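Across the two complexes that follow, chain A remains constant while its partner is chain B and subsequently chain C.
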Partner chain A sequence: MMKPVDHFIQVHDLVKTYADGGRSVSAIDQVNLSIDDGEFVTIMGRSGSGKSTLLSMLGALMRPTSGKVVVDSMDLYSLGSEQRADFRSEYIGFIFQSFQLIPYLTVLENVSLPMAVTGLKKKKMDMAMAVIDRVGLADKHDRLPDRLSGGEQERVAIARAIVNHPPLILADEPTGNLDTDTAGRIMEQLASLNREGHTIVVVTHNPEMEAYASRNIRVRDGRVSA
Partner chain B sequence: MKLYNICLGNIKRRKTRMLFLALGLIIGIGTVVTLLSITESMGRDIEERLDQFGANIVMAPRMENLSLNYGGIDVGGVNYEIRELDQASLFRIHTIENAKNLGVIAPKILGPVTIMDKTVLLMGVVFEEELALKPWWQKTGAFPEADNELLLGSAAASLLNVSPGSTLEMKGHPFQVSGVLEPTGGSEDNAVIAGLSPAQKILGKQGKISLVEISAFCRGCPITELTLQIAEKFPNATVTAMKQAVMSKMQSIELFKSFSLGVSVLVITIGALLVMVTMMGSVNQRTREIGVFRAIGFRQGHVMEIILLEALLLGVFGGLAGFVLGNGVARIIIPLTLEAGRFPGIDWQLGGICLLMSAALSLLASLYPAFKAASLDPNQALRVL
Partner chain C sequence: MAWDPEKYREKRERVLGIQKKGISFSIMAAIVSVTILLGLGVVTVPNAVSLWQTRHLDDAIYRLTTGHAWPDQALAGIRNMSGVKKVTKDHHGGRLVITFDRRHTGPEKMAGQLKEHGLSFALLNRVNHRQHRQITAEEKEAEGEAL
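Here is the complex of A and B:
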């Protein structure tokens, strides 16, 4: 008998329904999928197709109506709220749409934010500076986000996502607000992170992203179609 | 990076916003400090007036049946022939617990003396103390400076038909009248006033004291407490407080204090509510930010820590700024509103209390907003994924 393959991420019969007025609306409907360690996956679909909802559930941010999300053999939604926070801190780097930088913190402070709650005691600033250097913003580390261009803000968001060296990076429309050239550079950076071993899941509208991904998942009306 | 760096970053780079957040506390604490300063100033003013008003405690030997009336105020019993206090024991007054609240201590010897075939009251006093106790005394001539000089009450001077410069003889001792008092309406109008030592000698009561008038005022303790403390030291004396005058003044201060306290509680409550409302507003505005914190792995406790730490810093700042503001307003307002009112000075102890109270209120008012922030669903808060 063959031993079942252990995927890094396993999604079983995932369902998410919302109450809309008196009726129930399915955002995610019986989704099953798996993602292996080191994959670069894009999730594509129209607006309202449920792709962002799926990403939220993969990131331990949204409890499904039914089904399971298992990451590294951990059933995320059997964990308590605080344990899920610890999981996010240890396993996930988020790159949010619209960057979501903290406006009153400098680049260096924004990037080191995830380290504020880790057990790491020493060299936090050195590590953060190394990551900032990597995304090419060393000379702007003491600037506030509103003094940066859109592309620079996105790079800060990437630096913040990888500063704790999480195995999984989840990105929601990372190039949605950027011009084509800047978007290309951002995708290059994500591909580079993937080559270093990070598993990357990107929700996007941008068909050019497919070229960087090892696999593409399409979501339509809450169902995975490929 | 520590959690407090987030708070400091927020406070440092959003100063105006933080100022508005702290405004409720600043106004609340400022009002309390101003009101307390006004009450303090009023208390001191009344204290000074009472000091000028004369004695408020009288100590006389414990007597029965006979009453001694002095200055129109009943001060207990006296019997000229039977008992006096021992002058040497007077130092014990200074050994009471609240000795620092004692002002002027004026011992007296009283007794009848015959001058020009007329019997008058001879009162021996320590002029330095007596004049400090009775600043309203007006005289013709001068106050006595030597042992052989006398001061006469207006009625006594008329009776004996003497004026400043005249010489009188008491029991064979010559005395010069240095001054005559203007009518006061008090017992001294009828008295011949000499130095304590010569009067004791004339009356044959060396080392004896008929009564002691004491000017004392104690804002920190009731006047009756002082009289009890003195009475403890002099078991053979009757110590009486002229309570009516003091108590009515004290009652006014207490009334104003209660009013101030009531207003302070009201203002502080409103301030705390204001902090709570502004904190809630701040939390609502920071919903996305809190969502980011939660998404990148901050626990609920971490979010609460950030909000409460900010509240604590705001509270300390609000307390300090309110204390400075309150003192500033009091300094300006007291001379304008109180006749002869003076700013009582900065009370550092009150400053400490304000700081603690402000920090505690800010924390208390922020508890619910912090709990609400920590309980936010990270996905709902972000509304981006």
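Here is the complex of A and C:
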């Protein structure tokens, strides 16, 4: 399984095609890229350019039609489905545009959810409270998501993404539903996580987000253009 | 930052299900615990079983007043009595040791059986079977040391 690699993430000849009414539509077309450990990368492109599809394949969520995604020397799509689930649990914190919080669980319960299968209950709660405190929501830990603002819900999503200390954080349009000030604060939070050593990959169509990243990857018609 | 294969080794091993070389502390602790429990079991279980099985047994020790050895034909009737577990002769046949269940018989009944053979005898002692066994073992050990 170990392969000689130079980068934390390596993408080789990645292709994803969808069948659309009898014809094949190419969402990702022969993409090659690499991301180093500790980088903060934005993936930018217009709606429908394939950037979210690329992110899903980086996160072991979507099997490519062909090509390889190698993370920490592991070829993700040669792993079994359980190993891939373990990979997501160990390596990745996901942040989605729509937050994907569970509406009937409190902030604390939402954040501790990724630790449901590991650790002792008290320890888990302490760890969850620590990250909730870190995103500035300690005083609202017992609230349900619908009692929070959009920015606060996003911070809960960030807390949930980092509670297992994943090396890689993948965010899909994390500021898409937020006003400019709140979006800036969220990006600051991601930049802070990056300074602590997390590798961050953010899909966005907002050019202002580029300023926070160490590198920008542009996707156009399923191809990496820069 | 170049990729460092050591940085996330533990995570990678968990994903790939790679077992660490050697025995983990928890497995070693489990092995030691089981060994201790089995050792204790080997020592204590037979003792406990023996104690349980002999809890109702006593020994009655008789001697013929003539000082002669006990005749074998006199012992057959004793062996067939209800509650008698064992009949042995010791001290060169001069003493008769009858191990019996005190719930079913006693020295009086056994004496009646012996009298049917016209023997003149005396009950030297009645003692708990386990206690008697222990005393006998100690006596044998003392004799061995004296030799």
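Convention: the second predicted complex is superposed on the first by the 217 of 226 C-alpha atoms of A that agree within 3 Å, B and C clash if a C-alpha of one lies under 4 Å from a C-alpha of the other, contacts with A are read in each partner's own complex, and residues count from 1 in each chain.
Just so it is clear, contacts are C-beta pairs under 8 Å (C-beta built on N, C-alpha and C of every residue); 3 or more make two chains touch, one makes a residue touch a chain.
Just so it is clear, the structure is predicted and the values come from calculations on it, not from any experiment.
Looking at the shared chain after the overlay, A:128 reaches chain B, while chain C stays out of its contact range.
Using the contact criterion defined above for the overlaid structures, shared-chain residue A:113 touches chain B, although it does not reach chain C. In the superposition on chain A, A:160 makes contact with chain B only, while chain C stays out of contact range. In the superposition on chain A, contact of A:77 is made with neither chain B nor chain C. Once the two complexes are overlaid on the shared chain, A:86 sits against chain B and chain C alike. Touched residues of chain A, counted separately for chain B and chain C, are more numerous for B. In the superposed pair of complexes, A:212 makes contact with neither chain B nor chain C. Of the two partner chains placed around the shared chain by superposition, chain B is the only one that A:97 touches, whereas chain C remains out of contact.
In the superposition on the C-alpha atoms of chain A, the part of chain A touched by chain B in one complex and by chain C in the other spans residues 86-87, 90. Chain B meets chain A in the complex at residues 1-3, 5-6, 9-10, 12-14, 288-289, 291-302, 378-379, 382, 384-385. Residue ranges on chain A touching chain B, taken from their complex, read 52, 55-56, 59, 61-62, 81-82, 85-90, 92, 94, 96-98, 100, 102, 104-106, 109, 112-118, 124-125, 128, 144, 160, 170, 172. The residues of chain A lying in touch with chain C in their complex are 1-2, 5-8, 36-39, 72-74, 79, 83, 86-87, 90-91, 167.
Across the complex, chain A is touched by residues 1-5, 7-8, 11-12, 14-17 of chain C.
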